[in-house]
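Heads up, the next two complexes both have subunit A, just with different partners, subunit B and then subunit C.
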Partner chain A sequence: MAAIELRNLSKHFGDVPAVRGIDLAIEDGEFIVLVGPSGCGKTTTLRMIAGLESVSSGSISFDEEEVNRLPPRGRDIAMVFQSYALYPHMTVFANMAFGLRLSGVERAQIRERVRAAAELLNISELLRRRPRELSGGQRQRVAMGRAIVRQPRAFLFDEPLSNLDANLRAQMRVEIKRLHSQLRTTVVYVTHDQVEAMTLADRIVVMRDGVIVQSGPPEEVYRRPVDRFVAGFIGAPKMNFLPARLVAENGALSLQVGEDGQAEIRLPSSDALAGKIGEEVEIGLRPEHLAMQTSGEGIEPGRSFPFPVEVVEPLGAETLVFTTISGAEVVARCDPGLHPRPGDRFTAVVDTAQLHLIDPENGRVLAR
Partner chain B sequence: MIDIDWRQVFSQIALYFGAGLIAVVCGFPLLWMVLTSVRPDRDILSPAPKFWSFEYHWEHYRNLYNLTDFHIYFFNSITIAGTATLLTILVATLAAYGITRFRFGGRETIAGGMLFTYMFAPILIIVPFYILMRSAGLVNSKLGLVFAYTTFSLPFSMWLLRAFFQSIPIDLEEAAMTDGASRVKAVALVIVPLALPGVIAVSIFTFIVAWNDYLFARVLINDNELKTLPIGMDDLYNATVTDWGMMMAGGVVITIPALVFFILVQRYLIAGWGAGAVKG
Partner chain C sequence: MVVFVCLCVLALLFLAPTLGVILSSLKSTREIAFGALWTLPGGLYLENFREVLAHPSVKTYFANTFLVTVPATAGSIGLGILAGYVFSKLPFRGSELLFLVIVSGMFFPPQIVLIPLFRMFSGLGLLDTLWPMIIVHVAMGIPICTLLMRNFFATVPNALREAAIVEGANEWQVLTRVALPISLPALAVLATLQFTWIWNDFLWPLIFTQSDEKRTIMLGIVSLKGQYSVAWGIQGALSLVASLPTLIVFLFFQRYFIKGMTMGAIKG
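Showing the complex of A and B:
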């Protein structure tokens, strides 16, 4: 196992910067998920850690030893590829044993380690088959088995589940998590799927345009995003963003929601917002922080706005309801017991403690 | 009642008839060569050609071995063609890999220009090639011929292998490297086995180019001890008395190695190992 540290790490492809001076310290045994949209530099970062991509500037250290110039074979890492990358001319056993054979491990020990890994992954009966005879999920397991048998210092996963169907992906997520809790090996995992990031990570690292935007435990990144990008990227359905104006009356702060000020939401006083009074802001509100009610009775003033239902998406355990406020689409989670239908006029009650105020100019979260 | 599609039946019959006709046209000279090589001279030179005869013998083969230097030519051809094949595979594999995997100035020009070299017939380059070989001291040497055949086979071989390497996902090579292989080992253990059909095709092409060549061998070789089979056969033909039986026996012996080589390697030509390597 290894602690991995990236210091001021950059990568340029010609004149195009892919990763721009990132700093990240990954603890021994930690499960880190690099997440972000396509082209954010997450895969390039992973490939630099693997040694498959050279470093333009900065450094990568494993246990405080710089590995910038070490080839992949000198880093003692194992990588699981998005495409599985199984050797098609070898059996499953030979695929899994390949790395061990290269490092000169004795035959008996190779057999033992491959069998143990195969049992762990429930692929013992597949050892004589070739990759072309396996299903997508089985190939994925073999790819993980090939990584596990080597007992490396760190596992690197490059979007390993993105080629699987939704059911299998959910199943493999659990298995990867279980494996990590058993092996406690350092994992760097790249994905663009925020659900994978939330469910697997000890710590999520959100990247955009080659820089780290936010790094922290999943709960923290979800509850306290630093800007509009993170707030919108993490969470499904996405966070709602509503245009509003911050106003102060008799020392009390409130938000006028929508361009015509159709609703008012009262806020607790905040020094951070003092300079923004009278200005446009953006409200960030997660769908679960909007409670649907069939009438506005009994709701204290300054906490709600009308919610005319336009679209309904029943998901079984919950139902999503959609409406449009001042041109912005708003989604809320709704109790299926309310039997929402398009055309219903609900009242949305805002959990003001969970409300994010975002500066529309730079996207930073001003207050929460 | 069975519904017969007569159009399909006739098209199948026509197809097999056409294929059979081509096989007969191509195969008859070979059959005649084999028959002639085992017939007595009087049958060979008979004014009325006999297709079938019960009198066969191995005299021409014995004469070929005892009265000529055929075995020397045969050995020379085998060693030269074999060495040229191995050298071509080595150089073409490295070159095709380099062109496929590394970025460098002029890469696409080199790749595109490979087949351009075949615009010039060998007869056009034979004189400059001879001058080059002479200045390198390689005229009248087996090595000179090996270089000649390698030079002539390389562009096509590189072009062919490049296409194979391009079809092999780079993930496989990178997986091997993260598994602990050096680049050379990753290529040797993962890439080359997957490009085996291409390597086999290259080896067949080079072997046949070298085995059949007359022009380079005629120009570059003077010593009888260094002659290859095509030159040796030509000398037999130009002898004072042309022994047709012995010539045909020579023809049979020349054909066998190429045939055996092709039979041995052709099963590896089948592609399809690539299936299942990566998500397709």
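Showing the complex of A and C:
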């Protein structure tokens, strides 16, 4: 196992910067998920850690030893690829034993380690098969088995579940998490799927345009995003963003939602917002923080707005309802017991404690 | 229907010479001399084959042809593998241009280098040895071998190479343990093409050899024509015997051949 540290790490492809001076300290045994949209630099970062890409500037250290110039085989890491990258001409056993054979491990020990890994992943009966005879999920397990048998200092996962269907992906997420809790090996995991990031990570690292935007435990990143990008990227369905104006009357802060101030949401006083009074802001509100009610009766003033239902998405355990406010699409989670239908006129009650105010100029979260 | 008829006519045109050779190999010179080239033989006349197989020079021709064909095939494919792998997986500045230069070698007719090569090998004292044929066939095989192997290696996912490298393989191990074993169709195509081409070569042995001891099988067929008359039957028999190795090589690799000829045509 290894602690990995990236210091001011950059990578340029010609004149195009892919990673721009990132700093990240990964603790021994930690499960780190690099998440972000395509082209954010997460895979490039992973490939630099693996040694498959050279470093333009900055440094990568394993247990405080710089490995910038060390080839991949000298780093003692194992990588699971998006495409599984199983050797098609070899059996599952040979695939898993390949790295050990290259390292000169004794035959008996290879057999024992492959057997143990196969048992751990429940693929013992597949050892004589070739990759083309396996399903997608089985291939994924073999790819992980190939990594496990080497007992590396760190596992690197490059979007390993993206080729699986939704059910299998959910199943494999659980298995990866279980494996990590058993092995306690450092994991750096790249994905663009925020659900994978939330469910697997000890710590999420959100990247955009080659820089780290936010790093922290999943709950923290979800509840306290630093900006509009993180707020919108983490969470499904994504956070709602509503245009509003911040106003103050008799010392009380409130938000006028919509172009014509069609709703008013009262806010607790905040010093952080003092300079923004009278200005346009953006409200960030997660779908679960809008409670649907069929009537506005009994609701404290300044906590709700009308919600004419336009689209309904029943998901079973919950139902998503959609509407449009000042041109912005708003989605809310709704109790299926309300039996929402398009055309219903609900009242959305805002959980003001969970409301984020975003500066529309720079996207930073002003207050929460 | 028109296509079917056209194909049948074409097949007949291609098969007619072979049929002629088979028929003449089963007839005596006297029978052929009476103008019965295309008729069925009167009986099963195998004397031509007996004579060919008992002829002391034929064994030499075969041995010489093997001594040229096997190393030249292996050499050109080996170099094609190395060059193809580098051009496909380890590109460097100017590699595209270098690849074009190498592949353009396919488009030069061998006749334009006949005299320079003859003078060069004469200067090296290698005339009337098997070396010029081996060297020339290796060199002339490099463009097609490089082209085919480069295109095949390009279809091998980079992730396989990277997976092997992360697991501790060096480039040689990636090539020999991962890339080559999954390139058997390409190798089968190359082996068949190169073996057939080199085995059947007439031009280079004609230029570089003089003595009967250094002749290859294709020159040998001509040399068996007889001093005062053309020995159609014997030449036909030797032609058939001479084509057996290429037929065996094709049959051995044919399960890969069609797959290899169409490789890269479609994705996946």
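What we mean here is this: the second predicted complex is superposed on the first by the 368 of 368 C-alpha atoms of A that agree within 3 Å, B and C clash if a C-alpha of one lies under 4 Å from a C-alpha of the other, contacts with A are read in each partner's own complex, and residues count from 1 in each chain.
Quick note on the criterion: a contact is a pair of C-beta atoms (placed from the backbone, for glycine too) under 8 Å apart; a residue touches a chain by one contact, two chains touch by 3 or more.
Computed from a predicted model, the values in this text were never measured in an experiment.
S.K.: Quick one: on subunit A, after the overlay, do subunit B and subunit C clash, or do they fit? Just give me the call.
M.R.: They clash.
S.K.: Check whether A:N163 is in contact with subunit B, with subunit C, with both or with neither, and answer first, second, both or neither.
M.R.: first
S.K.: By the touch definition at the top of the document, which applies to A:L52: first (subunit B), second (subunit C), both, or neither?
M.R.: In the superposed model, A:L52 contacts both subunit B and subunit C.
S.K.: Does the superposition put A:K42 against subunit B (first), subunit C (second), both, or neither?
M.R.: The answer is neither, since A:K42 touches no partner chain.
S.K.: A:R139 contacts which: subunit B (first), subunit C (second), both, neither?
M.R.: First partner only, subunit B.
S.K.: Hey, is it subunit B or subunit C that touches more of subunit A?
M.R.: B
S.K.: First (subunit B), second (subunit C), both or neither: which does A:R130 touch?
M.R.: After superposition on chain A, A:R130 lies in contact with subunit B alone.
S.K.: Can you list the residues of subunit A that meet both subunit B and subunit C?
M.R.: 50-52, 71-73, 77-79, 81-83, 85, 87-89, 98-99, 102-103, 146, 150
S.K.: In their shared complex, at which residues does subunit A touch subunit C?
M.R.: 50-52, 71-73, 77-79, 81-83, 85, 87-89, 98-99, 102-103, 146, 150
S.K.: In the complex of these two chains, what residues of subunit C are touching subunit A?
M.R.: Subunit C residues touching subunit A: 157, 159-160, 162-170, 173, 177-178, 181-182.
S.K.: Can you check the complex and tell me which residues of subunit A touch subunit B?
M.R.: Within the complex, subunit A touches subunit B at residues 50-52, 71-73, 77-79, 81-89, 98-99, 102-103, 130-134, 136, 139, 146, 150, 156, 163.
S.K.: Touching subunit A in the complex: which residues of subunit B?
M.R.: For this pair, the touching residues of subunit B are 169, 171-172, 174-183, 185, 189-190, 193-194, 273-279.
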